[in-house]
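Look at the two complexes coming up: chain A is in both, with chain B in one and chain C in the other.
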Partner chain A sequence: MGAITIEDLTVRFGDRKALASVNLQIKEGEFFVILGPSGAGKTTLLKTIAGLIPPSEGRVLFGDNDVTGMPPEKRNIAMTFEQYALYPNYSVMGNIAHPLRAPGSKLEKHKVLDRVNKISKMLRIDHLLDRLPRELSGGQKQRVALARAMVREPYAFLLDEPLSHVDAQIRQQMRVELNRLQVEVSNTSVYVTHDYQEALALGDRVAIINSGKIVQVGTGEEVYYHPRNEFVARLVGQPQINIIPARVFNREDKIYLDVLDGMMQIEPPAGIVRKICEQEIEEVNVGIRAQFITLEDGPGREGSVWLDGKVYIYEPFVTYGILTVNVKQHQLFILTAPDGDFEIDRPVRLGLEISELIYFNSITGDNLEGTGA
Partner chain B sequence: MVSIKRGKNDILGDILLGLIFLFFMFPIYWVFTMAFKSDSDILIWPPKFIFSPTLAHFKAILFNQLSEQSVGATTTVNYLGYFKNSLIVSISAVLISLAVGIPAAYAFARYNFKGRENLFFNFLTFRFAPEMLVIIPIYLIYQRLGLYDTYTGLIWVYQLITLPMIIWILRGYFEDVSADLEDAGLLDGYSRLNIAARIVLPIVKPGIAATSLLTFIYAWNNFIFGMILGGTGVQPVTVAALQFISADKLRFGDMAAASILAALPIIILAVYTQKYLIRGLSLGAVKQ
Partner chain C sequence: MSGGKRRNLTPYLLILPAFIITIGILVPFAISAYWSMTNYSLNRPDFHFTGLKNYIDMFKSRVFWNATLVTFKYAISAVTVELGLGLVIALLLNRETLMSKILRPLLILPLMIAPVIGTLMWKLMMSPEFGVANYVLSFFGQRNFPWAASAKYAMFSVVLVDVWMFTPFIALLLLAGLRSLPVPPFEAAKVDGASNWFVFRNLTLPMLMPYIFITIIFRLVDSLRAFDIPFAMTKGGPGDILMTYQITAFNEVFTFLNVSKGAAYMLVNWVLIYAICFVLVGKLQKWRDRIN
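What follows is the complex of A and B.
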């Protein structure tokens, strides 16, 4: 059990860089989530930690030991695979016991049984031990895969999208259990997912990866409220963050932002103004999350600015609603109460909470707030 | 209920398929009837479709009894001996090819080494090199090495038939096994060899069985290698039928009966394993 350090890790597949100079420090006992869209290099990163893919450059350290050249079977790493990778010719029992029966492990027979029984009770699959993998449902397969990983006492757990192929209902339940297990087992875990909710719910810290590069590392709150760039802002949150373009202009020696060609004017905070001046930025993308937009009757409240638009569609989700509004050619999402009644094309006034605005450089996409990664 | 209306084209297609079926099945049917016809019925014109069947030819070749129809034939043929030769040569050839081909197919499926596809294709070229072209040099070499008319010699040259097939088809089966399974095995603390034996081989076992049978059929059916490189000591059953052509008489009926007997094990095997064969073949075809 322990810390994992990844230094300048690059993995090339032919000419393509699957990972480009990745640096990460995963602390002992930490539940570390790697979040990114498909094809970002998440699984490659996990397999490189496991030793299944040799890095082209860089090092992997377990604690102080450089394990870069160590073969996977010697690393004592437990991993679950996206497609479960259960051995079809072994029963559930055989699958879970498999790592304990490896040539290196000299566990006595009855101890193997004890461990398998204990872990399968914990994951509530003890009644399935005699079955073959093909006789299991998706959720059950996932539990068996987890059990096979957890039956050992590995240096670290690597979990590759463990919940992506189980139905929504089971996913929620499994997430709760994973959280609970994490508290009980408190082992170093690296968890890969493309689902931001899983990432925020499970992760002590989250690393966001895009095209083989780490974009941001931080707690769930950090990546949600202080995304490093537009990519992170869009990846995290449902409905997606609203991003609207604005032009910088100068009036009486003060910097203002002109949103959507004169629809709205914003006076950005001093820190942002300084960045705009330093970098000589002419255009800014303004981001605001759906829950910080309110519907206004009259002129907006103190501390808010407003936009006028027309209802495009309203989607009631029983416990909440998502209103989509067209403002000029832009669509904004607004989180509303579930009982909304909005006619299509009805004009609405949207109030934007000015303190919740996030400002991005429109060219680089970087957050002008300048959060550290 | 939705019923799919069958158009005129479908019916025409059925008729065409029927004709093709008849075209290919007719020779088999004809040989089959010949085996049960008396010699006089075989040679009659116009051909007889209705005749009184006889088992004389089968008796003749199985028990060396010269039937009435065979009167005048002076050579006797130890047909069952050739049957044994076929079994020994074909089974040994397949077993040796499996021993070499399974690891080779695994390597082609899993390891990305330099020149992999070229080497792989090279194995296939053994199959489309005409046997006639190489048989004379091989004959001369075999004479020198003392491999002529030996089981070893035939089994060796049969590798040209069996090994490429086994490698080609099994590669598809191995590629079908998720690489994740092997990765999981490695992380569980097993060596690659151990994983191949404990996990991969049991999964592809049905594929290996099907491929072996198919390969066996090809080995069994081979004619030219046995004819040129084998003397009377090791010649397979396919060549044995030739012996019924003797200076004094063409024993068509005996030849037909011999052919039926030679084909019988293959037909039984093919029908029995048809499901696997199709899967095995299509696997090999779809994968590049």
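What follows is the complex of A and C.
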């Protein structure tokens, strides 16, 4: 059980760089989530840690041990795969026990049975031990795959999208169980997902990866409220963050932002103004999450600014609603109460919480707040 | 031609292929099935319906049971050896080595040769006087090995040619199967530290089973119809050692001009192949379900 260090890791497939100089420090006992869209290099990163893909450059260290050239079976890691990867003609029992019966493992028979029983009870699959994988549902298969990983006492768990192929109900339940297991087992775990909710719910820390590069590493709160750039802001959150363009202008020696060609003017905070001046930025993208936009009747409240638009569509989701409003050619999402009644094309006034605005350099996409890594 | 008329023609054009298949396959089939129940012979000016007489005679004759034995001996030994060899070759070629990259395209060379030509080449090589096969054997102290000329080794000789000709076909099919297997179970096994034997026995083989069944179906059907290789080698001899169903039927029709008897042999051959295919396809489906 322990820390994993990844140093300048590059993986090339032909001419394509699947991973480009990745550096990560995963602490002992940490539940570390790698979040990114498909094709970002998440699974490649995980498989490189497992030793299934040899890196083109860089090192992988388990504690102080350099394991870069070590074959997977010597690394003592447990891994689950997106498509379960169960052994089709082995029973659930045989599948779970297999790592303990492998040539390298020297465990007595009754101990193997004890371990399998303990783990399968924990994951509530003890009644399925005699079944074959094809007789299981997706959620059960996934639990067997998890059990097969957890039956060992590995240096670390590597989990590749374990919840992506199970339906919503089981996903929620499994997430709860994974959280609980993490508390009970407290092993170092690296968890790959494309689902930001899973990432925020499970991860002690989250690394966001895009096109083979780590974009940001931080706690769920950090990546949600202080995204390093527009990519992270868009990846995390549902409905997606609203991003509207604004032009920088100077009036009486003060810096203002002109949003959507004169629809709204904002006075950004001092830190942002400094960045704008330092980097001589002319255009800024302003981001605001859907829950920080309110519907106003008259002129906006103190501390908010407003935009006028027309209702595009309202989607009620029983416990909340999402209102989509067209402001000029832009679409904004607003989180509302579930019982909204909005006619299409009705004019609405939107109040934006000024303290919750996030400012991005419109060219690089970087957050001007300048978050830490 | 007016548009209306053209439209009237379209449905007939569309069923034309099915129609051609019907008259091209089903009609001859039905006719020969009928002939098998007559005493149709090219020696006689006319013929009449005789019911199952041909079949009863056939089942009572030693010739028929010899043909059955020969056909199955040939088919089962050829397919078994080819499957074993083909699997080994496919597994070796599935590795990413320079050797397998070079050998993979060469694998199909025997398939480029017509079976009759291939057999004639082998016949030359197996010639007792000037054949290269006996020349090679002479280094191992074996002189004048009789090959297909002897009753003892005739079956071995033709099976050898069949194996040479069709093992690459099986290897090719199985190689395609191996390359299409899902990767994650193999990675899981690697992480678990599973032995090579475990991986082969519990992952490769079960997942390859549907492909193995397909190759068995292809090859078994083909070799139960065996004609070209044994015929080109010895015309079914020595004696009746290599008289398969098809060679026997051929002799009945083209040597003895007894069309009805030949048709009866062919029909029995067809029923057997059909029944075996039926069972194997069912098994194939079971394996597919088992894997998914």
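To be clear about the criterion, the second predicted complex is superposed on the first by the 373 of 373 C-alpha atoms of A that agree within 3 Å, B and C clash if a C-alpha of one lies under 4 Å from a C-alpha of the other, contacts with A are read in each partner's own complex, and residues count from 1 in each chain.
Just so we're on the same page, a contact is a pair of C-beta atoms (placed from the backbone, for glycine too) under 8 Å apart; a residue touches a chain by one contact, two chains touch by 3 or more.
What you are looking at is a predicted structure, and each value in this text was computed from that prediction instead of being measured.
**Student:** For the three-chain model obtained by superposing on chain A, do chain B and chain C clash or fit?
**Tutor:** clash
**Student:** So in the superposed three-chain picture, is A:134 touching just chain B, just chain C, both, or none of them (first/second/both/neither)?
**Tutor:** Touch partner of A:134: chain C, not chain B.
**Student:** With the two complexes superposed on chain A, say which partner A:33 touches: chain B (first), chain C (second), both, or neither.
**Tutor:** Neither partner.
**Student:** With the two structures laid over each other on chain A, which partner does A:147 touch: chain B (first), chain C (second), both, or neither?
**Tutor:** Neither: A:147 stays clear of chain B and chain C.
**Student:** In the overlay, answer first, second, both or neither for which of chain B and chain C A:98 touches.
**Tutor:** After superposing on A, A:98 lies in contact with both chain B and chain C.
**Student:** Using the superposition on chain A described above, determine whether A:89 touches chain B (first), chain C (second), both, or neither.
**Tutor:** Both partners, chain B and chain C.
**Student:** Considering only the touch criterion stated at the top, classify A:72 as touching first (chain B), second (chain C), both, or neither.
**Tutor:** In the superposition, A:72 contacts both chain B and chain C.
**Student:** Pick out the shared contact residues on chain A: the ones touching chain B in one complex and chain C in the other.
**Tutor:** In the superposed arrangement, which is not itself an observed complex, chain A uses residues 47, 50, 52, 71-73, 77-79, 81-83, 85, 87-89, 98-99, 102-105, 148 for both chain B and chain C.
**Student:** Once bound in the complex, which stretches of chain A touch chain B?
**Tutor:** 47, 50-52, 71-73, 75-79, 81-83, 85, 87-89, 98-99, 102-105, 148
**Student:** Within the complex, which stretch of chain B touches chain A?
**Tutor:** Within the complex, chain B contacts chain A at residues 178, 180-181, 183-191, 194, 199, 202-203.
**Student:** Show which residues of chain A lie in contact with chain C when the two form their complex.
**Tutor:** So the residues of chain A in touch with chain C come to 47, 50, 52, 71-74, 77-79, 81-90, 98-99, 102-105, 132, 134, 148.
**Student:** Applying the document's contact rule, which stretches of chain C touch chain A when the two form their complex?
**Tutor:** Going by the criterion above, the answer is residues 182, 184-185, 187-195, 198, 202-203, 206-207, 289-292.
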